[in-house]
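What follows is a pair of complexes built around subunit A, which joins subunit B in one and subunit C in the other.
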Partner chain A sequence: MAHLSELAAEPQRLSNAYQNWYRFSRNPSAVIGTAIVIICILTAIFAPLITPYPEHVGAVVNFRERHLPPSADYWFGTDNVGRDIFTRVVFGMRISLLLALVVLATAVPVGTVLGLLAGYYGGWVEIVIMRFTDIALAIPGLVMVMAVAAVLSPDLLTSMIAIAALWWTWHARLIYSITRQTRVQDYIEAAETLGASKFHILFREILPNCVSALAVKTSLDAGFVILIGSTLSFLGLGIQPPTPDLGTMVASGAAFLPSYWWESVLPGCAILFVSLGFNLLGDGLRDMFDVEDVR
Partner chain B sequence: MIRPVLEVIDLCKSFPVRSPFGRLTGEVKAVNNVSFSIGRGKVYGLAGESGSGKSTIARMIMGLTPPTSGDILLDGEDIGSTGGSPAHRRKVQMVFQNPGSSLNPRRSVSQSITVPLHANGLPRADRARRVTELLDMVQLPASYAERYPHELSGGQKQRVAIARALAVAPKLLVLDEPTSALDVSVQAKVIDLLVDLGRQLDLTFLFISHDLSLMRNFAEKVGVLYLGSLVETGRTSVVFENPRHDYTRLLLASVPVVSAEEEAMRPRIPLIDGEIPTAEQLLALRKAGGGEA
Partner chain C sequence: MEFASFLLKRALWSLLVLFGLSIIIFAIARGIPGDPARISLGPAATPEQVQLLRDRLGLDRPLIEQFGLFVGGLMQGDLGRSLLTERSVTADIRDTFAATFELVLVTITVALVCGAPMGVAAATWRNRWPDHVVQFVSIFSAVTPTFLKALLLQILAGYVLHILPTTGRLPAGMDFSADLTGMLLIDSVLRGRPDVFFEAIRHLLLPVIALSLASMGQIARITRASMIDVAGQDYIEANRAFGVPEHVRVFKYALRPSFVPPLTILGLQFSALIGNAFVVELIFAWPGMAAYGVRAILQKDLNAVMGVVMVSGVFFVIVNLVIDILVGYVDPRVRIRGRR
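So, the complex of A and B:
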């Protein structure tokens, strides 16, 4: 029995998932990032329950309590019409996260599939897809987003369309380059000679090799999408008042700087907090998966 | 007369050579007028230095690259039209040169072995049993089905690759340097396994290696490939005792390799700008005392 000796020399087997989890949990940036992201997601989900004045989300006016500094009643103070800024920040977070979710849920699959097709098939498929991607990449991002937002009426949906229309290109590039490297591996040729379908090769053989890079990139991207969304509404091209949006709040609060600093600084800190969380999480995932070259 | 399982007739393959700007500047003749045949249940050894065209021949037999000219007959049928078809795949399978890269690192052993079972339409319910059966054939315990390639030794990976190739019960197995990435003791075990399997399953082998010594006890016939051409072919014992071509003599001169030290002392072929030296140059080098001076 030839295999018995080989068996005896086998070291204790640790499951993959456990090893990854161990590395992840020892990584400070991963742990802090995960904590921040979880806090943001939970506050967004339970926003109506944890905010003291959920009715302040709308066009409520309470002039007697305008421009109040942070206090026990109003943790983040009040704005120029007397609404609770903490409430509006929490609901603004909700919208930012929704924006990131919708943008990435469309851009990532589209970019991934196009990248896989271009990388695997090569030839004219590659030329068409990658030239198209290059053109999209050559347009300065914010300009493109502003153009789309200006043509359509500015609101949440427009922001989503505008950002998603741009964002898939990065994922297409990333997946394309991984697919190019993977395609020439013997195991792809082996799968072909074994009769695997194209679908199997693309999504069962190549895609699993992209998953870790995708996770890292998507997490980093969530932070950037939120920043861009806030920039758009800061410029008045995104979500319109009275819907609470972090970028809009920073913009309208800026008029009252420096005396009523909390009206713009605290929403600004919220943007920073959530995008920092996603970036730390992305960095942590990168260390855990040991992937290079992702941004 | 019984038809040979594999007949290769006047096979040629040239690759275009392009300048950095994509202009066609010439071609490499990777395979040049190669003919041989393998009878049922026999082992044919194809030997030659790196770059002599061994893998290119294997890839053409597998239908992965179309030949420039010549014919490949499997069971008397030209694969020209059927290359890569399901019928073709059921007749011939291949074990790749490097077990490290022929298994997808992200897929478990059972997932890898299931690919041909799925492609061949084996019902889902029977697949697990068949995976166990195949692992047993290559003497791996059933528990290895859930492992990933990084949890296997080189020899175990190659066994998995062999099990996967056998999944569709092919008649002909093309082994492209199946043991060149393994160390000597593991090499011997894998070859023993292949000999056993060949007998049990009535397999025909095309055994490719740069190491002629491996073939002495294993192959009935050998062919020596040099710069894409077969310079010597015949029964193994005849070729070993009475080599006719200088290049074969050179290959035999380095047989047997016993230890890693001796392997390190073997003359290395100096490559000048990617040119492969001629047999005369190599012989001159050896006479001059070998090695890089």
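So, the complex of A and C:
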């Protein structure tokens, strides 16, 4: 990262954004990832407009049309009570993206602020925050999330709380290590000497150095949060029916394997599609920003 | 001497983590809004039943005393009684742990044995077809939900090809009890039963593939990155300049430091692996601790849930301790610098 910022010194400043865009557009995984993510977000936003049977989202029953294979009328086939699976997958995508959005919107700022504080102040602040982070990271995440979701009653909000409660630790650790490296740089010392406020140093001087790593991590995480959320609901610990959720749909469709394979496999592929998009985007951003240690 | 103090530090740190883990588990089980007894028994229970359970779980005592009892029990291996099976949680977990342990151990071995060479191949033939195949596999294995992999494997091998069993550890009716270690692969060898050994492997195949793919992809990916990184180091360049043959350069000098990052990743991967074992065991009807845990979670059997989470945590901490020691052994710099 250091050599990049040296390269992008003053004379080249104007072309910096263009350079980034050029590198981004030449990176196939970044472009494909962005396309997938945009498709998913748009379908989620405009779900009621693009789905053929929006009324199938709820507890509708249409036994005459149950277990129909994919066709022109029902692109992904129908489920065991005759609802259009494509419609439910699109609405399920909405829930998955909402879950990722809420979890990351909570976990990333919390993790970032704690990481900044621990990295900048050191001493007991560092000991308390980072030791707690280490302990939290030493616990198998999915198992813990399942336990929390089980103890509270299983629904969307519980899944969000349970995942967010663990997720901030990864960001805290990432920001902490960057802050530790940045804190000793000359320009931070210069800002301190000039009497800049702690707030200014933390958020205006140090934080911008974390942005690229943070973008990569957040993009990769969005995919993993969606995977964990769908695993929770697959186990029956997440969103409850009749709300369409991709994991729940796979679980209920699995009862009709292998004859009615589309009922579980196609919603499963939808999860794969979203999480692939965020992963490719994250990989592309990592190549573009040249940050290595983010997973 | 230096290695001994490194070991001691790592072991003490693991103990601290376990203590932290017990606090967090206790906080989840007791700190939640609502009455744990009421949650366990469900809305249909009478107040008398709830009070009875409160007495049995010791819920009316002060929190700090409850925590003391919980930790005291842990030290003696007592995790309380399961409401579901009416047995001690320790006994339930003891009966189911070996199946999970066997599954996870074989999975890790497969992930390492396949993943590391894949990474080496990708690095050696960088930007050629082996590299592309490995990259493709590692991305798709990471983004496919484990339950989808498991279901697809089950459809493919169980219903389409009819070659592999899709559920359980042994065929129904096979007369064998794993009473030595609980692990079929080891017990069948010790008892001299090749037929059992063969069947156990056949039953392990699908769950292990479903569970190991993600870790295998990650390990391949990290090994590749790490090989490429090491190959660019000055000492490798110097070797090349001195005319050290390529195979000596790769196998003697480049390989060893390249294995440090994949080992470290394995420790982190292991967390996801335990979590996914819950899903895989459920789908393949594997009679392990994870299947027991899922049932306990769904039935809100608090003692069993706490027990399973605690045992998973201990398992995870021990595996990471072993990995840290291995890393310290492979890479002397780690011993001196301390934690990774």
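Note that the second predicted complex is superposed on the first by the 281 of 295 C-alpha atoms of A that agree within 3 Å, B and C clash if a C-alpha of one lies under 4 Å from a C-alpha of the other, contacts with A are read in each partner's own complex, and residues count from 1 in each chain.
To be clear about the criterion, a contact is a pair of C-beta atoms (placed from the backbone, for glycine too) under 8 Å apart; a residue touches a chain by one contact, two chains touch by 3 or more.
What you see is a predicted model, and the numbers here were worked out from it, not measured in a lab.
Colleague: Does the superposition put A:Gly223 against subunit B (first), subunit C (second), both, or neither?
Modeller: second
Colleague: Name the contact category of A:Ile139: first (subunit B only), second (subunit C only), both, or neither.
Modeller: second
Colleague: Using the touch definition from the top, say if A:Gly82 reaches subunit B (first), subunit C (second), both or neither.
Modeller: neither
Colleague: Given the touch rule stated above, what does A:Pro70 touch, subunit B (first), subunit C (second), both, or neither?
Modeller: Touch partners of A:Pro70: none, neither subunit B nor subunit C.
Colleague: I'd like to know which partner A:Ala196 touches here: subunit B for first, subunit C for second, both or neither.
Modeller: first
Colleague: Which residues, counting only subunit A, touch subunit C once they are in their complex?
Modeller: Touching subunit C: residues 132, 134-136, 138-152, 223, 227, 230-231, 234-237, 247, 250-251, 254, 257-258, 261, 264-265, 268-269, 271-272, 275-276, 279-280, 283, 292, 295 of subunit A.
Colleague: Report the residues of subunit A in contact with subunit B in the complex, numbered from low to high.
Modeller: That would be residues 1-3, 6-7, 13, 16, 185-187, 189-197, 200, 204-205, 208-209, 211 of subunit A.
Colleague: Spell out the residues on subunit C that touch subunit A in their complex, using ranges where they run on.
Modeller: 16-17, 20-21, 24-25, 28-29, 32-33, 39, 139-140, 142-148, 151-152, 154-155, 158-160, 225, 265, 270-272, 274-276, 278-279, 282-283, 293-294, 297-298, 300, 302, 305-306, 308-309, 312-313, 316-317, 320
Colleague: Inside the complex, what are the residues of subunit B that reach subunit A?
Modeller: 62-64, 84, 86, 89, 93-94, 96-98, 101-107, 112, 115-116, 118-120, 139-141, 147-148, 151, 153, 155-156, 161, 164, 167-168, 189, 192-193
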